[in-house]
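What follows are several structures.
The two complexes that follow have chain A in common; it is paired with chain B in the first and with chain C in the second.
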Partner chain A sequence: MTVRSPTDSTPAAGIDSASSSISPMTNPSPFVTLISSDGFEFHVRRSAACVSGTIRRMLNTRSNFSESVTGVCHLENLNAMVLEKVVEYFYYNEKHKDSRDVPDMEIPSELCLELLMAAEYLDT
Partner chain B sequence: MTEQEVDLPPISSSQDQSPPETYELHNGRKRPRLEYDLSTSSDPALFSSDDHAPTAEDYASKRRKKKWQGTWWGEKVKGSASGTSTGSKREFTRNFDSGVWMGSEGTDTSLEDEILDELRSTDNKSCLPLPPIYSEQRLNMLEKDVVALDDASEYEVPHCHIQETASKPTRNALLNAAVDKIIDRCLEAGDENVDLSSMSLDHVPNESLRRLRSLTKHTTIWDIPPSQDSYSSLEPTLRLYLSNNGITSFPSEVLNLANLSVLSLRHNKLTKLPPALAKLPRLTNINIAGNELKNLPYEMLDLYKRPDFQMNATANPFSQPQSAIPPNSDIEKWMFTTNPLFLAQQKPIYFHADGSKANDAAPRGLCSRVPSLLEFALRKCKDLPDLMDIEKECTAGGGPSTLAGPLAMAQEATKYGDLECTVCGRSYVLPRVQWLEWYMVPIGSRRDFASSNVVAARHIPFLRQGCSWSCVDIVEVTVAS
Partner chain C sequence: MPSTLAPRHTRSINALAARRPATNAIRGPQSALTDFLASHNISAHQIHQEHQRRLREAQQQAAQEAGEADENKENESDPGDEALERKKRKRKEEKAIMKIKQSKEFKRRKFEEKNKKRQKGAGDDDDDGDYDDDSIARNMLYKKAQPMPGQFENCEICEKRFTVTAYSKTGPEGGLLCTKCSKELGKEEKKQQPKKRGPQKGKRWQRENDRMMGDVKPGAKSLVDICVRKVVANIADIEEFGDLPQTLLDRLSQVLSQKRALDPRTLEFFLQADSSKITIYDAAKLETDDFEKIFSFMPELEDVNLRNAGQMKDEVLLYMLDHNPKIRHLQLGAANLITNKCWLQLFQKQGPKLESFKTCNLDAALDDSAIEALVHHCPNLQRLKLKKCWQTTERSIKCLTSLPSIHHLSLSICPDTSADTLSTLITTIGTPLETLSLESFHNADDTTLTAIHGTCTKLAKLRFTNNAICTDAGFASLFSNWPNPAIPTIDLCENRDIDNQNPDGPAETPIGLASMGFQALMTHSGSRLEKLNVKACRHISHGALLRVFDHEKHTYPVLRDLDLSFVAPVDEVVVTAIFRSCPKLEKLAIFGCNQVRGRDVRIPAGVAVIGMMDAQESVVVEGGWERG
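Presenting the complex of A and B:
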């Protein structure tokens, strides 16, 4: 996962570069970009991001969402703090997918309500 | 009245059977006749022979002779036959039995008359504003009613049914006070039998039950010096009777009564029991007959490991399997062991992360033991102090309405303790999978059962819940439901 702050480059430029580099139908990139409401970009492995039902449906190549073509998801109702935790969960989920004893993930209590809303939105 | 006994005529049905109202203490207009002994509740004897005779007891009360005429079985109020109202206004009293406001019998003055009278009287004063419809007098009467109800609860508890007409907060306050009184009595006397049955409670106040934790038995004082075996523990074996009430949700504070040994919730309106019930360390007898339970928590099967455990669960609308339970060869052997015997299992029902039902097909590719993010967040939110407000907000439409269900589950978890996965043992908030398992379970006393060899058992459904889609424990005997 790589994070790019909005000061590095404008989000619009990020989208352009992403869309130009991907040839969507034939070979989708193994990474997708999640952009928080305050402009932070998170480059996440596609398989991990697809833990979320909402993102999975966004990126489904058979759907006609622009996200499926560009591989960039704008998550307007998640700020960077929450999205970071969400992405952490994506990787945590993927890591422990097949293990029997799954350790708990720590969630700071100040974020729990926002994460509740995020989890509801992302269907995860 | 020894020699001169006369034949009494049959009491005619047409006449008013109720005895003349002699003790209308609340009616200030009638002078109470206090020369009679008030300690007896019945009316004073009144005979035709001494009706009008000026006896020594009777000479003071001239009013009576003026008011009544005729023989004792047919006596009538003077002047009532003519039907003319004397103009004396009767007060409005509240009829406790029916809960309907009405004028006292025979009144001709209506509510409007009364209000008009009040208006006129204030007109005479001429400087006061129009009185509100609820005059001070009527407010006073309302207060009197409350006092009367209070008195009733004091004397008739625990077998009174306080009318629904009393306003809700008042009724609750009265019931709480009654519960408190009983618990006080038990605490004071060291009485282990807490009888809160037949009180028309719809919930049990947690604060009252909490005090039962501190109950201790009293020492017995011996006339003879105590021997070795006369020592006994002062720790009580609490017996709580909540039968014959209208309790709709299990009183959560009961789960904290570590000394509870007998719990009766017979004839209530419970629809589910908390799994944490099985964690009460000394519970040996539970009566949940006559409720609205469709299944029991799977954890309660653990209670049967206790040697003297008894459960009465008759008269509940338990869900039954649609197809017949396959015959089990163990049943004959089982009659002598009296442990719960597994019979059949329902197909598991899967739930999505947000608590909505998944399709029938088991979602194979998504089976993992990792809790959902919603689950993690809920576990944290469970500890928030304003959880109830958040849930209300969501149900009212201020937040996502799909969160209302999960938040309600979180609230239940704070109330009844965490749920534990029946397969892997992790604690969780939202169940992801659930199914019913039917067990043959002895009902009633197990000792009787074992000795008499009577099959007094039924197959009872126990609800098993798991924390993830992988937490299913499938046995081959599966029936449709």
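Presenting the complex of A and C:
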């Protein structure tokens, strides 16, 4: 995951070393970009982002949403703080896909209600 | 007493006279043991004295040694051969330090010091190791000798004089502490140790909770679940939920109710002025004011569900009738303070609008006249659930026949209702029914089942439980050639013969849901069955189970939840067959199936087996059959 702040003038740092693991999707890019309401960009592995039903449907190539073409999702109702935690969950979920008795992810308690709303919206 | 001793002891007393006080001295009362010992020339006083003397001698010896060391010190001030003396002394000291360094006590101290350092998090760790060793050893060499047990000493903290024991603790400055101060020091040390077991216990509870709910899917919990748990854990710090969607509010209400955390304060989170629905699963802590707050704050209410509303009174219900004219769905649990008169008023005023009415656990009110009013005033009622309303009689059930448009009917009242009444009820209103739940009607018989077979054609949920009259043939004919499509939810638990003398039931004509009935049931509904409960239907045979769960002939593509508790013939073979023929199975309950041993069963990942004999085994679940 790479993050680019809205004030950052340099182009996005690109794809990190994990890009060698090709996603099973037929889409050319194994990475997608999630943009928070305050303009932060998160580059996330597509397979991880598709943990969210909402994002999965956005990116479905058959749906022909503009997101599925560009690979960029504007999530207008999530700020960067929440989206960062959501992205952390995406990777946490993917990491523990097949393990048992997974420890719950740490969530700061002041964020839990906002995150709950986000989780409901994203269908995760 | 010595003065009254019998003459035969006189001689020995004389022999001891030198050490003991005069034999005719006046003494206080003595115990029988002292008396007896005295008669054998044994004196506790003497033993004590000798012990003290030995202690004194030991101390003197120690003091002498210390004195010698002092002498050595004095010697060094001698101007002649000063350098030589210093060398000698240094060698001596080094020797002593070497000796100390090899002792166990030294190793222990060094370990403690290291730990202390690590706790402080000091950056300089190993470079001063040697210097440390020397200083520790030197400290040990020159430290004042510890007082021996049994001696008096002044406490280092409170300065009180106390007896030194083996358990006396060392204070911060190296002196000894009295019993009281030692205890306090111990307490503080305990406090400083972090508690480790707390969260683990909670985690285990959560895991078992998930397992009982049939959720053992591998992988992380959903983010919604994690957040709901986190919110509930921090409920004390939360001031409001904000605009949460209804589904989340419902989930939060469930979890908060489960934790008994739904009280007047947390209730406020659920009050949303523009919402049309409120669901409180545990309203036991709410009182009149709280209920009235719900009804005044949410004027748009259409769907009210308050369970465990034990403190709900007439005035609350009347208040609701005044403020919430839109209510269409009403569910009240255990509302025992509401009187018959008030129930009548509810049906009279709100009746025409009511589409569903559910209530349970009413002991004091809601009698036949109230049910008659319900039937009379609620022509649009589509759902009716009456469970454990003990004031009702067969008359209520008879009058339910005039409910024309009911789609969902659940009854668990008046167990003595005759079979005729039930058959009439079903034949009259059964055609549009989608849900039929008849619990604990002891007199129901095969005619009831025949009535269901002949009338109901739209059922999606069937419950018929706790009966010992209906026969296996009756169940078999219910499910044979039934125009009703396959039913997703079936609960036929506790349909079995009850006879202590003959636990297997009559062999010729089996009672309850037995082999034939079970096979007919699975043939009829297997294709769409999601949830099946045949708990305690113990006449189902092993052969029938194997025939039903034969994965080569039948599979049950959507069966998720299966309860086979107390069906005695279930064994490892049957359980394995079930895993193979039910690819979507999530939860299997086998309480009281004593032939199933955890160690012999391979449970596929994602299936929660509960109630197995070796409970520990069933927690450890392995991957299993290829499922798909």
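The rule we apply is simple: the second predicted complex is superposed on the first by the 105 of 124 C-alpha atoms of A that agree within 3 Å, B and C clash if a C-alpha of one lies under 4 Å from a C-alpha of the other, contacts with A are read in each partner's own complex, and residues count from 1 in each chain.
In the analysis below, a contact is a pair of C-beta atoms (placed from the backbone, for glycine too) under 8 Å apart; a residue touches a chain by one contact, two chains touch by 3 or more.
Worth saying up front: this structure is predicted, and the values here are computed from it rather than measured.
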Partners on chain A (chain B, chain C) - clash or fit: clash
Partner chain in contact with A:113 - chain B first, chain C second, else both or neither: both
Contacts of A:97 with chain B and chain C, given as first, second, both or neither: both
Clash-bearing segment of chain C, relative to chain B, as chosen among 258-266, 294-302, 366-374 or 474-482: 258-266
Contact residues of chain A, present in both the chain B and the chain C interface: 86, 89, 92-93, 96-100, 102, 104-105, 107, 109, 112-113, 115-120, 122, 124
Touching residues on chain A, where the partner in the complex is chain B: 53, 86, 89, 92-93, 96-100, 102, 104-105, 107, 109, 112-113, 115-124
Residue ranges of chain C in contact with chain A within the complex: 203, 207, 216, 218-224, 226-231, 233-234, 237-238, 241-242, 244-245, 247-248, 605, 621
Contacting residues of chain B [partner chain A, same complex]: 352-354, 368-374, 376-381, 383-384, 390, 399-400, 402-403
Touch list for chain A against partner chain C, complex: 86, 89, 92-93, 96-105, 107, 109, 112-113, 115-120, 122, 124
